[in-house]
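Got some structures for you, see below.
Same chain, two partners: chain A is paired with chain B first, then with chain C.
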Partner chain A sequence: MIVALLPRLTLCLMAAPVLAGVGGTLFPALAGGGAGFRTLAAWPGLPRAAALSLGTGLASTALALLLCVTILAALHGTPAFDRLRRRLAPLLSVPHAAAALGLAFLIAPSGWIARALSPWATGWTAPPDLLILNDPFGVSLTLGLLAKELPFLLLVALSSINTAQAQRRMTTAATFGYGRVSGFLLTVLPDLYRQLRLPVYAVLAYAMTSVDMAMILGPTLPPTLSQQVVLWRMVPDLTQQTTAAAGAVLQLALVLAALALWRGVERLSRHALRLWATAGHRAAALDAPVRWIANVTASGLALALGLGLGALALWSVAADWRFPALLPATLDLRGWRVALPDVLPATATTLAIALAATLPALGLVLGCLEAETRHGLSATPRAMTLLYLPLLIPQVAFLPGLQTLALAIGAEGTWPAVALVHLTFVLPYVFLSLSQPYRSLDPRLTVTARALGLTENRIFARLRLPLLLAPILTALAIGMAVSIGQYLPTLLIGGGRVTTLTTEAVALSSGGNRRIIGAFALLQTLLPALAFGLALALPRLFWRNRRGVRP
Partner chain B sequence: MHRRDFGRLVAGLALSPVLAGQSLAAGWDGLLVQARGQTVYWHAWGGDPKINAFIAWVGEQAQARHGVTLEQVKLAATADAVARVQAEQAAGVATGGAVDLIWINGENFAAMKTAGLLYGPFATALPNWPLVDVTGKPATVTDFTLPTQGFESPWAMAQMVFEYDTEQMKEPPQTLDAIAEWAIANPGRFTYPQPPDYLGVTFLKQVLYATLPDPALLQAPVDDATYAALTVPLWAFLDRLHPALWRGGRAFPASEPALGQLLADGEIVLSFAFNPGRASAEIAAGNLHDTIRTFTLTGGTIGNASFVAIPFNAAHQAGAQVIANLLLDPEVQARAQDPAVLGFQTVLDVAKLPFADKARFDALDLGIATLSPADLGPALLEPHASWATRIAADWTARYGVAK
Partner chain C sequence: MTLVLDRLTVDLGGRRLVALDVTVAAGEVLTLMAPSGAGKSSALGAIIGTLGPEFTLSGRVLLNGQDVTALPTRLRRIGLLFQDDVLFPHLDVGGNLGFALPARTPDRKARIDDALAQAGLTGFAARDPATLSGGQRARVALMRCLLAEPRALLLDEPFSRLDAGLRDQTRRFVFDRARTLGLPVVLVTHDAQDAQAAGGRVLSPLGAPESPAPPAFAQ
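Let's look at the complex of A and B:
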């Protein structure tokens, strides 16, 4: 039975690079009797860097989850929610680097907000000397991470939430006098959070270890731990490799500690929710302020990211744009002219890699889920941990081992090899977004179909696939966005010879020319945006005369 | 030594260049045949579109003249390429390596040369090598005090120059002390890239040149016994300067381009670069206001050369040497010096070039913000690499955690 073997095959596919990565991390860190740990401990910035990793990661994830729940609780099922969703969904496709650069230009002392208020309100004729970007407490970084994580969590929540069931429960709660918010928290959230848990863990691990966003928005004296690990890896005489490896091990430990802490808070929250439920407070007065917070913060974040991207777009065509002018004095297309010769091949490679990584990932995930359904298998916690390991291990710790592996088999430097490694990062996200919708399918449909004499293959092709059209397309779009945004794997496995929009944009971002950064960031945003646009539009088109399954 | 022997020796010396030239020419022709049709992967920092465009133009020349295809692999940092060759060596890839040519100097070169990761010597055998000004520009054969021994070939000279906005600063200061005085009087309008960024470390080295009792000490490795005492004035200078820097010294720009962007945004008024033609080129490209001018310090500023090197396992060593030689071509060098293109200083001895080639350089309009070679002042040699490592590490220990 080929289908029955797919879960094991997939796990092997995920486990092999993970093991290589872990080996590649531990070995140099332990080499020389742990000398790397001694130099790491001697680094004066260590306590602050570790605290920053924990602080920005936990704060941004907690805020993102809180806002996500707030928005769902206050607005789910209302017309305002659809408007909000349309505003937030496109933001998911914005690559981290582009979002960070856009935000940076918005809030920097020479940025758009300062320009809009100068000189009439502030009296500034030169940019004020304020430490807003790269602030030592990582506030800018936390905001940037939040702006990227909230749309992700919201979209995953939306693809997991069972709308009809949620409506029934909230109606029941309402008849008992519960407010919208309290009804949602007590009757819908417990089920929903079970499905959100792994995405939240992935977000937490990512937020703690993100390098590209931290480089642009994060503190520099000292930087976050992951960023410092990358800096050590880049030291030309290669003397800091063991320190980098030790730092990566510490980063891994920090991520695991943060996850343990998170689980503890989960338990406390569950206990609190239970106490609330048994106490029977209706808390209807919560609704108005919560709705206000949901609307203001979500719109604010969407507006900030949108304006940031708008600013980058404007920079890409700006000729002369001095402070405090709100708009460029003159426009030209020089930035685009410089960028264009590199754009077409880079776009083709980016798209080829994204499709070559995401389509097999989708096939494997569908196969695994189908095997679960047909053979009554269920993913053990150990299998799930293996599957999500690539999202929980910091990339800086993971990739050197993979690179050595690729070199040993002579596969590096080719785009299929890059796509294969992207697959490792893409598959968990695809599984993450698809597994719950798949498992939530009403089993009675299958029973009915079997009773009507359909074979398993036909049930899969005629029943499950069409019913799951929306989540499948969303998973595809998420997978493509993940692939398109990858920088380190592309650079290392591609040997620098595989040029994607992202490697090009990051290489340029160290050059500081906003005109060309603007051009590339926009293009880099366009591809995943297209994928998400299709994921939203196609099911509506396909199901335009089937209201019951329309998303 | 007998007279006759001496005569033979002289004859031999006179003859040998001819012989060497002939065998060289024959060898070079063979190399050209070998190189034709090869694709050379040049790993070069990709952060500046002007440099990328110049490399693309060199690629067109290589294709037209020698049938060699040039692909730039754009790096965020040169260390990426070094790490890559290192990884290949660790994986036992002794031939057919991914990197054919690296834009390199300083620590990266020292690291690769010491680890035996470089092919060579090849540079002194290049047909265009005799044009290089090895006496007037000693930095073309001494890379951060390390003799290059033909393991890398120079292609551009750079020197540190300060850039300032004439609208905000009337008389540019001529010494580092005067710069510090100006910065303290105008808080928040000057800064430097965060060490260990190379330009930030270059600023520290420039301060060392001004504060050491004998700057010749910089040409020898750091001496542990005297280091602490020698660097007291350096840290005292920085302690005085930092509170007056941009953001009060609680944050620093990451790199030379980030520093340049601060100047372009008007956040700072005084800046510096490792390229005397940068300001003019940026003004020409519309990225910088035309009120920016440049100056150097009394006594000179630090200068060095950019090189290309070939890894030991490069797949296309013949093609890589053809590119290295092409980069020394007077036409290519003159184009690199054109401020509308790059504004890099040439490595050639322009005075000794044939008339037609010299005319290419004479015809260049250096640009409104570029100092003439005479006004640029002396280029100080780079200190031994151990100084950079040591002061960068100490800088991080002292200032790496914001108060």
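Let's look at the complex of A and C:
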């Protein structure tokens, strides 16, 4: 009976902190007759900051979705696609801050690309005075967001696509003379997008309001709205706090407006696709250019992220690396030695928070899925929206309110409080990765076990858990990667006193010590990678004598 | 129109799955019968052009004398009906038919209405495919297939999901349309009744003649 209540309990656990947090943010914004909004409106940077939030968010999300569809349309079901999938999957575990720092090390005026071209092509003997990083139009921020969001959308699409059905539809379209791309767009995409919609909304909300990526890659004068809200929030001054609250409310309104705009464009596109399908245009000529774009962009992004991480690793051990040199002249471990006293406790805190957030999340998700199986419940669209609520409402709109709340009960600045808030962000991802394998477990196994007289608890413990070992460990690794990558929740709920690898890496990013930045960012990447490695290796070891279960 | 399978063979890992050397005349139905799995889908894949790279193919597929063996599926103009009707659920019935009708066809709406009338489905253009019965869906799928003006027709157990009475009716409808249009038809099935109703030659995928009647009911 308890199991049957778990889905409701979980949804409350997701929705309650968001609603309480939004309330706690709204209240100070409206207090004092809206004084916060007046100071906010008086800030000269406001129009530009708001435009940057909208522009970078919409551009990166639209590009990520477009490229995701392009790659699927051109390559899904081909051998090249499996190679691409294996290359993209590890990129998902790279935390946002590390990806941004890696990209920064690559494209900065003193970065690897400039070094590779200097001095022979550019004539530069010193780093040029160019504003490539933190460019005022947010181009590098948009690219950074795109590089992180595309692998995410692709993996979500892959877990929701019904391969056999998609293949039949594409073959049917091909017998009518349609090309790969037009066949995919007209017959597979409409169904697929329905399942992609919530993740896409989450990507849009995140991209518009990301603070850690914006701090590393985004413009500075003015910064994006969310970043400015955090800057105001960090000043211990009542006027600034009220302005921050008003800014958070505006950010929330902007995100809701962008989501409404997105929905409108979604409807128009759906209608356009339907008209195209009914009109019967075969458009086979699309195949070649689309395949080219898909290959080039996918490899380009994977290469950029890979090189960026390589640059981080190299910097962390570089002793002497002057500008136009492509590689450091000498290597040593000075960077690591300097960083070590801070690295060790930060790693311990990071791991403790990640485990404390992910294990309960995994328990709740298993409980919800078990309730589905036992009681024939199903996740309604409304329930899924509630589950996604922490990802759809911008973090700056509810975390300040939660921080105030945590302060009131004396939990602010403790790592368990941080872990509890991380749980809210971890759970949707754990659910996303586990629900599909759970639901596609052969139902006849359950029926057979029931017929043998096993209780539901025994079926869960003896049948489902072992059979789902691989996806469960993967979900655990994804959850830990999400927790390890969290910046704003750790900063705000931790009151600046809970130091993780991520908060440290972002804090260091404004300084100039590339060796220490490299060390922190590399470690920030290695922890989730280690979790993913274990998630891959353990089931193989455990099931080494069972070919039917081995992943 | 004729379909020629000229010494067509398909091998997988040293095992021969398909060996056919046969001419299917206009309006004729050739049945490939075998228990499930054994070479049937490979034969279909070879004719339509969807075999994976792990298969080895030799011989030729000729349509009206044109060698289509190396052409991609979309250029072969061979119609295919699956076991599932594969109606697109996001398009209405008219939209599904419009999808198959070549883009430059004049009077699209009239052509679609005409196709629906031939299938006994007048006025169904705006219907959601999900609201149709099994027999209606099968007829829409066939009309959609024919609107793309195929040069031959492949049937991949298209009747096996229908119940007995409907199956007979639908079968007759499909074979009649194909005969009227003079299309060579290849039917793939494991069902002896399908083979019998088709009334043409019955072969195994390896080219051996098969008896259309199941042994238990052999006359």
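The rule we apply is simple: the second predicted complex is superposed on the first by the 430 of 551 C-alpha atoms of A that agree within 3 Å, B and C clash if a C-alpha of one lies under 4 Å from a C-alpha of the other, contacts with A are read in each partner's own complex, and residues count from 1 in each chain.
Methods note: a contact is a pair of C-beta atoms (placed from the backbone, for glycine too) under 8 Å apart; a residue touches a chain by one contact, two chains touch by 3 or more.
Source: prediction; values computed, not measured.
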Quiz prompt | When both partners are placed on the shared chain, which of chain B and chain C touches more of chain A | solution = B
Quiz item: What is the contact status of A:186 with respect to chain B (first) and chain C (second): first, second, both, or neither?
Solution: second
Quiz item: Touch check for A:176: first (chain B), second (chain C), both, or neither?
Solution: second
Quiz item: Between chain B (first) and chain C (second), which does A:418 come into contact with in this model arrangement: first, second, both, or neither?
Solution: neither
Quiz item: Thinking of the overlay built on chain A, is A:136 touched by chain B (first), by chain C (second), by both, or by neither?
Solution: first
Practice problem: Considering only touches as defined above, state whether A:100 meets chain B (first), chain C (second), both or neither. | Solution: neither
Quiz item: Taking the superposition as given, does A:281 touch the first partner, chain B, the second, chain C, both, or neither?
Solution: second
Practice problem: Return first, second, both or neither, reflecting whether A:110 touches chain B, chain C, both chains, or no partner chain. | Solution: first
Quiz item: Do any residues of chain A touch both chain B and chain C, and if so, which are they?
Solution: none
Quiz item: Within the complex, which stretch of chain A touches chain C?
Solution: 79, 168-169, 171-179, 186-187, 190-191, 274, 277-282, 284
Self-check item: Complex contacts: residues of chain C adjacent to chain A
Solution: 48, 50, 53, 72-80, 82, 84, 86, 88-91, 94-95, 98-103, 105, 108, 145, 148, 150
Quiz item: In the complex of these two chains, what residues of chain B are touching chain A?
Solution: 41, 43, 46-49, 52-53, 56, 71, 73-84, 86-88, 90-91, 93, 98-99, 107-108, 110-111, 115, 187-188, 194, 196, 246-248, 250-252, 254-255, 257-258, 260-261, 265-267, 285-287, 289, 389, 396-397, 399-402
Practice problem: Going by the contact rule at the top, pick out the chain A residues touching chain B in the complex. | Solution: 44-45, 48, 109-110, 126-127, 129-131, 133-136, 215, 219-222, 233-238, 319-320, 322-323, 332, 334, 338-339, 341-342, 400, 403-404, 407-408, 412-413, 491, 495-497, 499, 503-504, 506-508, 510-516
